[in-house]
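Chain nomenclature is as follows: A, B, C, D and E, assigned in order of appearance, with residue numbering initiated at 1 for each chain independently.
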Amino acid sequence: MALLKTIKAIGKYFYDIYDGVTSLARGMKVTGSYFLKPSSIVTQKYPENRATLKMFDNFKGELMLIHDENNKHSCNVCNTCARRCPNGSIEIIYKKVEGADGRTKKVLDKYVYHLETCSFCGLCVPSCDEFALKFDEEFEHAVFDRGKLTKVLNKPGSSSKATKE
Amino acid sequence: MYDFTPFIESITSYLNENLSPFWAGLISMVLLGVGILLFYAVLGLYLVYAERKICARMQNRMGPNRVGPGGIFQTIADLIKLLLKELIYIRNADSLLFNIAPFIVIVASIMAIGAIPFAKGLQAVDLNIGVLYILAISSMGVIGILIAGWASNSKYSVIGAMRSGAQVISYELSVGLALLGIITFAGSMQFSEIIASQEDGWWIFKGHIPAMIAFVIFLIAGTAETNRGPFDLAEAESELTAGFHTEYSGIKFAFFFLAEYMNMFIIAAVATTLWLGGWLPFHLFRWGAFNTVMDFIPPVFWFFGKAAFVIYLMMWFKWTFPRLRIDQLLALEWKYLLPINLMNLILIAFLTLMKWHF
Amino acid sequence: MQTEELITLITSLAPDQKPGISKQYPEFILPAEKLHEVAKTLKENPQTKMDYLFSLTASDRKDGLNVIYHLTSTEYPHTVVFRVILADKENPMVATVSDLWSGAEYLEREVFDLFGIKFENHPDLRRLFLDDEWVGYPLRKDYKDSFIFER
Amino acid sequence: MEPYALLTFFLTAAVLVGGAIAFAYYAAPSLPGLVKSEPYECGIPTEGPTWIQFHVGYYLYAIIYLIFDVETVFIYPWAVVMREIGLTAFIEILIFFTILGLGLLYAWKKNALTWE
Amino acid sequence: MEATLLDFDLRDKEEYIINMGPQHPSTHGVLRFEVCLQGEQIKYLRPHCGYIHRGIEKMSEALTYPQLIHLTDRMDYLSAHINNEAVALCVENAMGVEVSDRVKYIRTILAELSRIASHQLWWCAFGMDLGALTTFFYGLRDREHILDIFEETTGSRLTQSFITPGGLMADVHPNFQKRIKEFITYFRKKLPEYDQLLTGNIIFRERTHGIGVMSKEVAIDYGVTGPSGRGSGFTCDIRKIAPYSAYPFVKFNEITLSEGDTYSRYVVRIKEMWESLNILEQLVDNIPQGPTMLELKAVKAPKGEYYQRVETARGELGVYIVSDGGPSPARIHYRTPNFSNLFVINKLAKGHKIADLVAISGSLDLVIPDIDR
């Protein structure tokens, strides 16, 4: 009985060696095969491929106010987006203008967007009933000065579609 | 063909004829020193670059590709960076030992190169106990690691030093016993004679399976001796942050880094010389034409080609396997490698006795 | 065990229990001094075997600090919620259940850290997330400090 | 050249290390600080002394190593002359290895080869 | 329960205390282990957390329910979809509304994709912990495919904020189904590679077998859930116990192993990836038509208390909402899986070596922001 046990132990000893060597060889086969396949390289040369780099359709890059070709946006200063933003990243500065019909109207002065506090949750875009907002594909946000992250989204000289008359 | 002996002899004789013996000796020393430095620097930089490229390819990456074509000057840029980095001194560290540790590591790796035959006649010293000399010198490096870990006065470093202590007491044996097999076959410890004994075939082929087993064991133990993955317990990045060289910065760290690669080269060079025929070209029986073509390739290329193959194997290990634990490291040596090694040596002795090797 | 049986069992242990507000799970409002006893019985009773405490938390309500225990069994599909209301906000105190469920030790430390509820017989009651020098208990409604930003 | 070659190697190493450190000493910036000179322990100050008596689990291995390493040195001369002496050397080494192997087996059986 | 106080008293004697973390390559975040060593053996260890405590629960008290999701994204950022789903389900339950089947299906698909992505990241980080550096890149390479699907549909790769109370932020991208099917075939080919590289490897097996054994009782006692608990035989899969979203419609197995060591925790995760692929395959072709957002006037939970359990990639996530009937919760508590999974580590690592601690903490798959919240 003891002999059988010893033989078994010795058998297991050699099986372990065989098992170990083959298992190591299997692992080496994987890495070795990738070594021989340059086509399997998945990394990209980033700044060089900037021209061909395309983000996905829905990519949430940076908030922007949509301007049409006449430099008009459709923000009507309802402040919903600012209220919906969990971080207070949107500040809408407006001025009161007397309209043609004599009533005072809110007109967008500055649409301030704090990129530094934005967490890209995307709550602002669907909240807008006028579809005035969207995310663009800009992803290179790095700047040296934090102040540069505070952006004014309405372009200079632009006006709202609502205050056309 | 491609014999370096006349070239070197002509230099020495030229110096001896034109200068006094003292100056001739000094100038030849300086020439040799410059040669070593150049060789060391080029080889070190090339090996670091090769490792980066190889591991990148295995990991589906591109590897260095910014500095120079294909990133070939990346390591030079790194070297300059490391040279210009601040040398941080650790409070309460043993400053003498702390500073001497990189020196010991570098000395071990440089002095071992002295006995390696790169080509016919291109060997600094052809000691009659060359194998023993390399074995003795290269194990000095571990002492440097031990000192570095202990002197840093950092807990991670001390644990790393303890681990390298465990490594030195284990793998030294396997390296020695694996080498003994070929010494038994060749009947000499002199590198030139070992190479001469392989004129008619490399030992890895002539020695049948026992020689191959010895080769594999030597590779495993050699990888462990150089503190490389999967045996990099002394620096074990994920456990000890950087192990024994946690506290070393700038150029002092670079020495440990460089020495690791040089030790790898030394192990590869020894494996090449003993098993793969050193600088001898690859010959097949009776294929006269094939053998002539092989002879045209200079021996230096043969040597470095074979060494590069062994180095590639070691890098392949490192980038595939997980790291061993300290008790497994010891168990692997004492329960597997050592008994196999002893049996293997008896087999080799038997083969030698019966003259069954070619 | 059905909800009715649970109610009878708990009522027999703590006669002054009150049914809680949750509609999701059977909930009981227990007096602080009875909590440990009831919890122990529910854990050890072979018919209930409430061996898995999946949530222990607190909330600051008008009637005092509530400590809420969510218990379930890994054998039976029943879940029970205990609530202990500590009206004394200066020195709220309740017995620890960390001797029954080891996981409770750290959950209680978290509650102590953020609500200041002390757990009697807790083996290691220290702050978990905040510094030991932190003043006040942030999740209480009356907590004020300079970091709080009013919208 | 030959007699001084190894000395040259040693001196080259000294020049390399000394030169590079000297260069770094002058070229690299040096802004020592109290925090900077602390040993690294993941950002937390070290607690207690580092150099205390350290329990290592492999002292038994160390003793066996000592034995085996000395024995290995004995085998080197044998290996060189094995070819010339032949059968006698083979039988002698067989006896030598039997004794050595028994020692290893004994250590194995005694669980000296298991990390406690 | 072994008393921590007793351990604490031992510190008076001369001991070798070493800090692992907060800046350590293998703690996967800012967590600190105070480890007491004897040689290489761990006498005891104490986890210290709070380095990344942001007070999400306090912040949430000032936010409306739809706004909560951008914070839950950042708890366990590797299963952001599932965290969002938990909040969404809890609020929907409170309001007594039910989303359309389309939303349920898409939520479940996204959740299973996150689970695979999370396990992939865990796999590569676990290999790194054990010193196999190549695994890291293979795992990330395959994870990119899932992140691309996420990016195309939700616009973000990590903190997606896509599942919201009442439905989804938007409908899925037209390529959604095609890409998932491509991914399933791709990943079915790559998963055996994981086994060849790591699972079968003798060094790996020796490193993980019998290390950090957690019995079923200990797992239940500490509330260790998810793959870590299931590796000990604790059947704690909320997808089976209390099915939500589209899980009642699919057939899948709860993977449990009884050994409870590091290796079985590893195997559970590998098998879960296969199982998640099966779930995806069942769902992806059958997404029904329907609205993706409920027409809700205002997202307000009625007065009361609500609890919702979901299964994230790391275990049971509970969302506990106390509402006063207002637009924002009076108190919200997240019972996070990693919190419970972390504190069992002293029990597991005691007596093992420092290298094993790395393996054990890796096998528990800790995400530190989820502990600290």
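Here is the rule we use: a contact is a pair of C-beta atoms (placed from the backbone, for glycine too) under 8 Å apart; a residue touches a chain by one contact, two chains touch by 3 or more.
None of these values were measured; they are calculated from a predicted model.
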Exercise. Smallest number of touch links from subunit C to reach subunit D?
Worked result: 2
Exercise. Chains shared as neighbours by subunit C and subunit E?
Worked result: none
For this session: Compute the shortest path length in steps from subunit B to subunit E over the network of touching chains.
Result: 1
Seminar exercise, completed: One chain's C-alpha mean falls closest to the whole-protein C-alpha mean, and that chain is E
For this session: Just grab the chain with the largest centre-to-centre distance to subunit C, centres being mean Cα coordinates.
Result: B
Seminar exercise, completed: Sorting chain pairs by contact number gives first B-D
Problem set entry | Interchain centroid distance [CA atoms averaged], subunit A/subunit D, Å | 53
For this session: Provide the C-alpha centroid distance between subunit A and subunit C, rounded to the nearest whole angstrom.
Result: 40
Exercise. Using mean CA coordinates as chain centres, what's the subunit B-subunit C distance in Å?
Worked result: 64
For this session: Indicate the whole-number Å distance between the mean C-alpha point of subunit B and the mean C-alpha point of subunit D.
Result: 15
Exercise. Out of subunit A, which residues touch more than one other chain, so two or more?
Worked result: 24, 27, 30-31, 42
For this session: Specify, in ascending order, the residues of subunit C that touch 2 or more different other chains.
Result: 151
Exercise. Among the residues of subunit D, which are close enough to touch at least two other chains?
Worked result: 41-42, 54, 56-57
Exercise. Where do chains touch, given as pairs?
Worked result: A-B, A-E, B-D, B-E, C-E, D-E
For this session: Note which residues of subunit D are touching subunit B in the complex, please.
Result: 1-2, 4-17, 20-21, 23-25, 27-32, 34, 36-42, 46, 50-51, 54, 56-58, 61-62, 64-65, 68-69, 72, 75-76, 79-84, 86-87, 89-90, 93-94, 97, 100-101, 104, 108, 113-115
Problem set entry | subunit B residues touching subunit E - in the complex, by the definition given at the top | 55, 58-61, 155-156, 159, 162-163, 229-230, 232-233, 236-241, 318-328
Seminar exercise, completed: In the complex, the residues of subunit E that touch subunit B are 16, 18, 24-26, 37, 39-40, 127-134, 136-138, 141, 197-198, 201, 203-204, 206-207, 353-358
Problem set entry | Touching residues on subunit B, where the partner in the complex is subunit A | 54, 57-62, 65, 316-317, 319-321, 336, 340
Seminar exercise, completed: In the complex, the residues of subunit A that touch subunit B are 17, 24, 27-28, 30-32, 34-35, 38, 40-43, 45
